[in-house]
């Protein structure tokens, strides 16, 4: 099954699924267990407590759902809203597009606020909508914190400020799939009502757990929400939480142990250090892109993403060719441009359990590929720019000092 | 995290999640990969082709959904039915009960046909209903092939015969969670329209893939089904099947490689040999139960399950105590009695990648536990009965002859 | 490479290499590391300290040599003796025979004290030799604590008493390959000068570390020993111990982490509990053999081994056929009869990380095989006898109470 | 045990133990097995056949000894020579020094031919010695193919030519620890009599197998060699080879499966492609060193090693500081300068299962470290030089074209 074997490590720089640290791979290397024995609930209790920390919430209620990000979206929506509810949603790239598609298919009335791909959510329009909505017909604001397709990070603090300013009771639902546990995210402080991520992103696990966290207000809303749901119904979890057995249906034993270890590693490094590391990797990548003379798909600095960089290529180059060549010649996995930006951007994911020298190997590879496809890059230029920054900013590894 | 460590192997005899064979654990012991590289679709193609074999179908369309059995149920129902549709469903134990609960919450009108727990589906009543339903108001028959809570296997061939006899067009939806790939199951021959199982059952993988297989008639029905669905929508898969990329959202790389190996092992042993092995293990277990002087929860031989045996304990014994003691003293994991049979039965799962000597170790353990809790068992009696049968029936391991 | 695949677990009951517990397999599931970084010496320090506990010594100096038991033997001999030295050595089975062969090839003058296979070391003759040796020409007594070929455990306390009684300064060199960390072994109390074992035995690791422990007297002897040696020279280790880097040549990173975990598991269970568990498993096995009407190769109870049982078969049965059939039909690995007892005995190893239900599965398997090869065993009889004993003697698992 | 955890991958660039490819880690992730079952000899047979290919020999006899490189040395010497034999040995760095120390302690008379560290073996002196040795008192020439301490590769073809020229019958014993399976090595063509390597080097396995290959002439010599040996005695292996069981003592099951996979990967890539890859990595590293304005410890191009580069640092820098900082700040493992070159060189290992982007990450790291310690490197310069070469020379990955 490794018929596509190439020597050495695969350099995995897609923005998910990301590199799994060795201790996590080890923790998951195990047989199944009876999830009804006392061991699994005992561990689950610690997971539910600790997972709240990556959301920066003390009041939220987390759900570890055996699903993907798409399922986590569905869980967030169907537990808080009823068919016909009006919601505001921002279309700024492929993943916000897919979420909006889901919202519409789930029968909500969606006010789609579209921006050019490469721009953040248009919050001026949100302000207008909130100002006009005296009757509070808007039931929820749905926003992707970090649009993985374009490398755009939205400003959630501002969204909260607007809601507060207009004293609007709409729920704030946030897709934090490529942000939570990597970017600065503050569920309680920003009054986020439902936040969600997937295990294969910043947590650096395999795909398989959709992690959804609900505020008390969201839980309250779930009692009235009329969307039909069973598998994604929070209520089934809450019943088992009360019983202390936690699982309405069979969890993946391996992912539970993996999550336990992933959280341990994150707390050992320190969540804020994890976020600072992503900031370093993001900055270094952008400096390299600039040194190559290429443009970032993200149009303004305020939207720059520290977990993924979408790089615009000149019109005479097909970005898909770059991704293909990366894999075929350099054992490097880069992200494709999707939908509107297909062929126009390639993406460097710098998300998850990753360090600076791994990124520099990737950047050196990208330079060679750019040359391969006919772009007149100065070899070494991007690495030099990244190194100049990193050499001043990488901290010592605390456990080794 | 192994704070419940006990020396030696854990003897895992719950009817799922079951023991994972070492080659499968090895295959899953890996980093993440880019699922958009050519490697994953190439492997997926083989999985979709090969997984049909365990359903014994050539015309079905399989879906590998990142979910559990509960999600697979939801996928089967929402893709083929519309809210308000009338369906017939058999309540014979905890898992059929849960499925019926789901059916009702998904807004179908359910004719619940209840049997005493320990009996199979009452097909006489089905016959009556079909006979009476000249208007074809019944849209689907939902039946659990093997009720895991009571160890009862229903006769699907008879269900098909009744449908044919009455020329009734109702869809036949089958929960094969604890049967497919372990019991005789014939999707095409029995005209099953949707069949489903979970990865952690006979396939002997971790939890995480709900495997759903749809007949052409079911696919046809999905075009008209009005149940709201996104995550579980077959159509999203079919779109990606056409494109040859297969995945509408991120699959678990590890489970794909695991499934590839699991199927390889099953085909190496031979599917019919796998089924014969389960028959041996089931027969041996029942002979032991008989030798102990205990009753099988399953009331008639025709319903005996070859994947799980629910053992009735005398009224003066709490079966939960048996399960607790198994784990605390013998490192043995048995299945609890659930709901109506809580305290009254314990369950021995003999499902998945398991051989005879493993089962005999379990049976010896059960004998000691029975003695522990005050049941006057003759030690060795169950093992003797099982061995007498097995010694005449175990085949040579083909690869070692 | 798994072309000899059979379903379910392999039942590994050879007296080494033995079953590796899952946490140890996990710990070894890792990439290489630089053994000169600070991490490896820091871990090595704990290993050297902790490994002394399984020898029950506080004054001994341990060496973790990248070799097998045969190499550990060579290390024990060449570091303490000079060519031409007279030693006394007991021939009681295949492994003592091989050690004597090594002793002779290393140019020592060996007084071979032979016993019938199935008997222990003849300590009367040792007494005579010690009594007669006023000139102290005997430089060492070499004795196998537990002869793995016949399941015979020698009485080391008596050897020490004899040496003390005759005030004889001979070194006491002990092969503890199939005893240390499973049988009662007391290096300091019994005045053992060199004791040794291998990682693949009671420690339940892969093969690869020969663990040798030297008393202060043995270290003193090593300064004068003239046997030519480099790879096995303790002095090279001692130099690196002083420097705090520990390794004169590259260790196996994986085995170091594995050993760390193996020791952790042993200490969590409690060394004396580990020994008691082996005693239970040995007793249960012997009760089964008796119930089958077969004879133990070990001729007297005082020599019974709690780590391996050699079972004599009737003359009309070839014991090799039993071993072959175990593997070919039952996925059970038993030990062959070696050399003088080839064809006459088969061996059940009950050594290492193993629990009672595993053993009972094996015993049930042996019963069926005995029947297969024409021995009129009463099926269930051995398991019944073992269970009757075990049910009264198995303790609760402390971590689960 | 991962108390020295740092985020991301450890960048392992010591010249052994080297990075293990994931498929090999997977293959070794397994329980023990009975090595006397038919499965292990069947696999061993393929290993012995295939391992000859990495020596480029058809006439040699390989031995897979459970030991390290030091043990492999001892095996090569003691099986072919007798105490008092005169041998010629070249001292050109730490590893040749250690081998000579072993040769002397094993009681051979060693003509030590010393070169300055950084130079290759002085073959002029060899010529003189051979020319003068009409009596053929020289029994063996011992030479390290690649001196890992200084990054010097000796010219074995010339050694053979000299032996042939003077019609000298001395055995040619070669330490190929850091060369075989990475550098061009031709046992048969160059008339090497004993060649050896260790599993943790180019084969990219854990430490634990010393692989020794003997020519027919060496096997002949072993019949007359009087060096005392047991554990390392080839004859014990040859006896078991004849019996078809192969193992005189317990092998590591895990390493056998690992070796099988390691060889499979090497043959899939193609041995000559593996060698070409090492040549690319070596060249790229040297170009980077040059671009940094630093000197290679290796004094002439003809001796340049493609598996390790020893980099001289300016006198005002302590090279140990570079290595320490690499580990403490960048999660990068570099090789220390040893003995005479301690403090003066640091070493970049580019050996084993490694690809270009991994190396470039390392080189970028070294640049930052050089700056850290006060060397005025131009950041990006080394990477640029390496990339300029690599971009023209990396082939497509054959399985992905």
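Every chain is named by a letter (A, B, C and D) in the order it is written, and numbering of its residues begins at 1.
Methods note: a contact is a pair of C-beta atoms (placed from the backbone, for glycine too) under 8 Å apart; a residue touches a chain by one contact, two chains touch by 3 or more.
Just so it is clear, the model here is predicted, and its values are computed rather than measured.
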item: If a chain touches subunit B and subunit D alike, it appears here; value: A, C
item: Distance-maximising chain from subunit D - centres being C-alpha averages; value: B
item: Centre-of-Cα separation between subunit D and subunit C, whole angstrom; value: 34
item: Whole-Å gap between the CA centroids of subunit B and subunit C; value: 44
item: Centre distance in Å when subunit A and subunit C are each reduced to the mean of their C-alpha atoms; value: 53
item: Residues of subunit D engaged with two or more neighbouring chains; value: 3-4, 19, 22, 25, 27, 29-31, 38, 327, 400
item: Subunit C-touching residues of subunit D, taken from the complex the two chains share; value: 1, 3-4, 10, 12, 14, 16-20, 25, 27-39, 42-43, 66-71, 73-74, 83, 101-102, 105-107, 198, 200, 206-208, 227-233, 248-255, 257, 260-261, 327, 333, 336
item: Sites on subunit D touched by subunit B in the complex; value: 22, 25-27, 29-31, 38, 400
item: Partner subunit B, residues of subunit C touching it in the complex; value: 2-9, 11, 19, 21-23, 29, 265, 268-269, 274, 277, 327-332, 353-362, 364-365, 367-368, 371-372, 378-381, 383-388, 390-391, 394-397, 399-401
